[in-house]
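One structure is given below, encoded as structure tokens.
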Amino acid sequence: MTLLITLITGVMLLAAIAVVVLRGLLAAVAALAAVSLALSVLFVLLRAPDVALAEAAVGAGLSGVLLALTLRRVGLWPGGPAREDEQ
Amino acid sequence: MKGYGHTAATLLFLTGLGILLIAILQALPFGLAPMQVGQAIVAAAPGDTGADNIVTAILLGYRGLDTLGEVTILFVAAAAAGMVLGGASRGGAQAENAGFILHSAAYLLFPFLLVLGAYIVLHGHLTPGGGFQGGAILAAAFFVPVLASPASPFNHRTAMLVEGFAGAAFIMIGLVSLVGSDAFLTPFFGKGEAGALFSAGSLPLLYLAIGLKVGSELAGLMARVSGAEAGA
Amino acid sequence: MSTGAVLYAGAIGLFLIGCYAMVAERHLIRNILGLVLVESGVNLLLVAVGFRENAAAPILKAGQSAGMMVDPLPQALVLTAIVIGFGVLALALALVVRVHQAYGTLDTREVARLMRVEREASGPGAAGPRAGAKS
Amino acid sequence: MNTVPQIIFPVAIPLIAAFLLPIAGRCHAGFGRIFGRAAVLVTFLASALLAWQVAGAGPASSAMGGFKAPLGIVFYADNLAMAFVLLLNIGVWLFWPSGDEDRSGPYTLLLTLLGGGAGLVLSGDLFNIFVFYEIVAVASYGLAASGGSAAGFGASLRYLLLSALGSSLALMGIALVYAAAGTLNLADLALLAPDVLRGPPGAAAFLLLLIGFGVKAELFPVNSWVPEIYASAPVRVTSLLAGIVSKLALIVILRFLVLVFPMPSAYGLLLTLGILGVLAGELAAYRARDLNSTFAWSSIAQLGVIAIAFSIPGPAGIAAGIALALHHAVVKPAFFFIADKWRGDVKLLSGGARTSPLVAALFVLLSLSIIGIPPLPGFWAKYLLLDAAFSSSPAYWLAAAVVLAGAVVEGAYLFRAAGFFYGGPQKGRGAALFMPGELVPAFVLGAVLLVAMFAIAPLGAYITSMAVQAADVPAIAAQILLGGN
């Protein structure tokens, strides 16, 4: 149990570091969704199924989609029409 | 470079903050928190509310006002986002129809997500999940088709009507209690048989209102931010 | 290592990484990603505070009395906090879209500089130029 | 025990109206504005009725959902809470957008702000207060951007990032409190605090809550949003945020301090932040070269003075703080209305008194009051503060000296502006600028100030009784814990 929690916490923190380190914004958003998924698994292990469901649906699902759509709209989506890299 | 000094200072500061926070948390025994109120709620919830899911009992019963506040925050965020984006020209980066596979997958997914969302909303007092989680899935059901074919307009008018009336219904259900000079949001109706769909008094009714409201708000927010503004 | 230490470290770690992204990064979207990380860290901390070893999830099984359960109250609070966080995120992204339309950049210092220029240019009584048109 | 279920009305009526307003606005353009106005009026009447009951029969409470105190959420209304609910109602009415806008957005946000702000001061539960604070916060991000200028969007986004970080810190503080005490009810915490919240976790929790809620209260380290927002938001929004919403956050901090953290370290912390706020605010205001940012910075300084007053233990300090807060709520919005008419460099005021004598006179009246010249109400508020400070420990004497020095700096920059008004050659901009119609709220507030001058004695007595009630922890705890249905 403790081992599993440690493992998933480690994965979550690595994904969080990836959010900061990865230079591509879409990759960072994907890493953020990974953090949310790891977090929701952690919530299941902590006996919080309601919170896990909400984190998976809102945190990993809707937030990720919303962020990605915003990237597309401001033209930071790789391959999007108005390509513009970070300064 | 000045930038590196700034970054190093930030890192140093954050490390100190982290050590401080860990030290403070170590002063609080883990797994032995007093949980006075939590324990009391676990003991009283089945008798008080009739809901099997104690988190639901808290969200809709003991802390129903928090839930009203939470729905209000989504509502006001959607209203503010709508106002902010009101004068925005349609996003320059609109893609064309997103290919046959995503397109047909969206329409296949629609009924499935709809049923799943409705199930989760209606069984919130029995199993994990409830108005918010189900509402999020309902929102996805209505939003995925918009994503698949941006040309098909998202109907903001319907979303607004559902959102407004569902929110008003929540408060009205709460105010009904005042007629009997009880406090705001006091549950009414019988508690019913534990575990049955029609149990837990007015709680499922509240969850229905929340599910509808959250679903329409989330879908509206997604459509607004993504720039699917064609709906009249 | 005890479970508690791991969870606290995870929560504080998320919080600090998020703070770093909010303070040190110069891109507005990255600041927002940092905000999401900070919120996730605090949510994990709240759930961890209510956790108890060898306790059941706070849902009654049919015909079973309430045994030892984890604290349901922080879980309810976290549910509320997650939804609040999503509302704030959506509004922030809406503002990002408009800022990008108006200034054509999302670099924090560049945006701050352009805001200053705009304020100084706006004459007396004028409420600043309307940002309806695309820049 | 005084149980009043109607205590929910100041929150429920505006929220229900906010939910329905977009639909009403759809039915007929312009109808939304009238519908919103009517809702504010109904809320005001319900609140006034409740305030009347509370003033007559003593503090009231109601347990939401009928779930008694530590388990459920309890609303608690005393004279202090009702005074600020009424103030908020009047403020929203006075600063209601007068334009011919048919958009329903700003009206919806204002109504939500009204309901959320009332919940903020009425709620007796730590997490519930956080939820209402977030409602107020999200509504004010939207309102700050409602001007439609690009700078408004940018300022609002930066404000949002800072405020959301603060909210996360506050939530962490709530987690610490819950981990230590196992309850979120303020009255329950008041009884438990002396045992469980002493020591580092308690102090850390208070610091986190102070920084979190201090964002709205313009407290020292987290006020960088103030000049930006006040320069780019519409003047009515600025007036509402600076004049009233900031006070609501301070009232919440006062409740935390009195009920949950009545320990020397917490009082010392608030005092320190208050002093730093006064110093930083007054110096920046002196250096500022346009009226709007002068008033933004001086607003930070004056809220620092209120924080100093609240950090004096006992009812005398609370009374001084309430008096200062009410005075500031009347004076500051009027200043911002004037600053909105004379945007840009302060030199542009030159000769304004000749074309707009009434406005210049109003400016001088407000300046004299906020500096603290007798017999204006501002003098009495500052007098209460100095009186309370000098009858307290020596640390507060230093604070009193800082407040007095701040008043001197305040006088310097306000008279500098007044000098431009009355002296100097005409810059030719004055004639076009005298539009009394748009300055109506400022003149109304000036009139309120003059009326208050002649009602100092009853006002003072009322404020003192309010403060005594707010400092009486055992009575509050008893009402919250035993009240309800």
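Chains: A, B, C and D, in written order; residue numbering restarts at 1 for each.
The working rule: contacts are C-beta pairs under 8 Å (C-beta built on N, C-alpha and C of every residue); 3 or more make two chains touch, one makes a residue touch a chain.
If you're wondering where the values come from, they're calculated on a predicted model, not measured in any experiment.
Q: By the contact definition above, name the pair with the higher C-beta contact count: B-D or A-C.
A: When the contacts at B-D and A-C are counted, B-D has more.
Q: Taking the mean of the C-alpha atoms as each chain's centre, how many Å separate chain A from chain D?
A: Computed value for the inter-centroid distance: 38 Å.
Q: Could you work out how far the Cα centre of chain B sits from that of chain D, in whole Å?
A: 30
Q: Please tell me the distance, in whole Å, between the geometric centres of chain A and chain C computed from their C-alpha atoms.
A: Their C-alpha centroids are separated by 12 Å.
Q: Take the average of all CA coordinates in chain B, do the same for chain C, and state the distance between these two points in whole angstrom.
A: Distance between chain centres, rounded to whole Å: 16 Å.
Q: Residues of chain C that contact two or more other chains, please.
A: Touching at least two other chains: 2-3, 7, 9, 13, 15, 19-20, 32, 48-49, 51, 57-59, 69, 73-75, 77, 79-80, 82-84, 86-88, 90-91, 93, 95-98, 130-132.
Q: Using the touch definition from the top, which residues of chain A touch two or more other chains?
A: Within chain A, residues 49-51, 54, 58, 62, 66, 70, 73-75 contact more than one other chain.
Q: Would you mind listing the residues of chain B that make contact with two or more other chains?
A: Answer for chain B, listing residues that touch two or more other chains: 21, 28, 33, 35, 37-38, 41, 53, 55, 63, 66, 69-70, 73, 76-77, 80, 84, 87, 91-92, 128, 132, 218, 221-222, 225, 227.
Q: Give the pairs of chains that touch; include all such pairs.
A: A-B, A-C, B-C, B-D, C-D
Q: Residue numbers of chain A touching chain C in their complex, please.
A: Within the complex, chain A contacts chain C at residues 1-2, 5-6, 9, 12-13, 16-17, 19-20, 25, 28-29, 32, 35-36, 39, 42-43, 46-51, 54-55, 58-59, 62-63, 66-67, 70-71, 73-76, 86-87.
Q: Write out the stretch or stretches of chain D touching chain B in their complex.
A: 5-6, 8, 12, 15-16, 18-23, 26, 62-67, 70-73, 103, 105-106, 108-109, 112, 115-116, 119, 123, 127-128, 131-132, 134-135, 138-139, 141-142, 145-146, 148, 153, 176, 178-185, 188, 196, 199-201, 204, 484-485
Q: State the interface residues of chain D toward chain C in the complex, per the touch definition above.
A: Those in contact with chain C are residues 127, 131, 134, 138, 141-142, 145, 147-158, 160-161, 164-165, 168, 171-172, 174-175, 178-179, 184, 228, 231-232, 234, 340-344, 348, 429, 433.
Q: Please output the residues of chain B touching chain C within their complex, sorted ascending.
A: For chain B paired with chain C, touching residues are 6-7, 10-11, 14-15, 17-18, 21-22, 25-26, 28, 30-31, 33, 35, 37-39, 41-43, 45-46, 52-55, 57-59, 63, 66-67, 69-70, 73-74, 76-78, 80-81, 84-85, 87-89, 91-92, 127-128, 132, 194-195, 214, 218, 221-222, 224-225, 227.
Q: Show which residues of chain C lie in contact with chain A when the two form their complex.
A: Touch list, chain C to chain A: 1-3, 6-7, 9-10, 13-14, 17-18, 20-21, 25, 27, 29-30, 32-34, 36-37, 40, 43-44, 47-48, 51, 55-59, 69-70, 75, 78-79, 82-83, 86, 89-90, 93, 96-97, 100, 105-107, 110.
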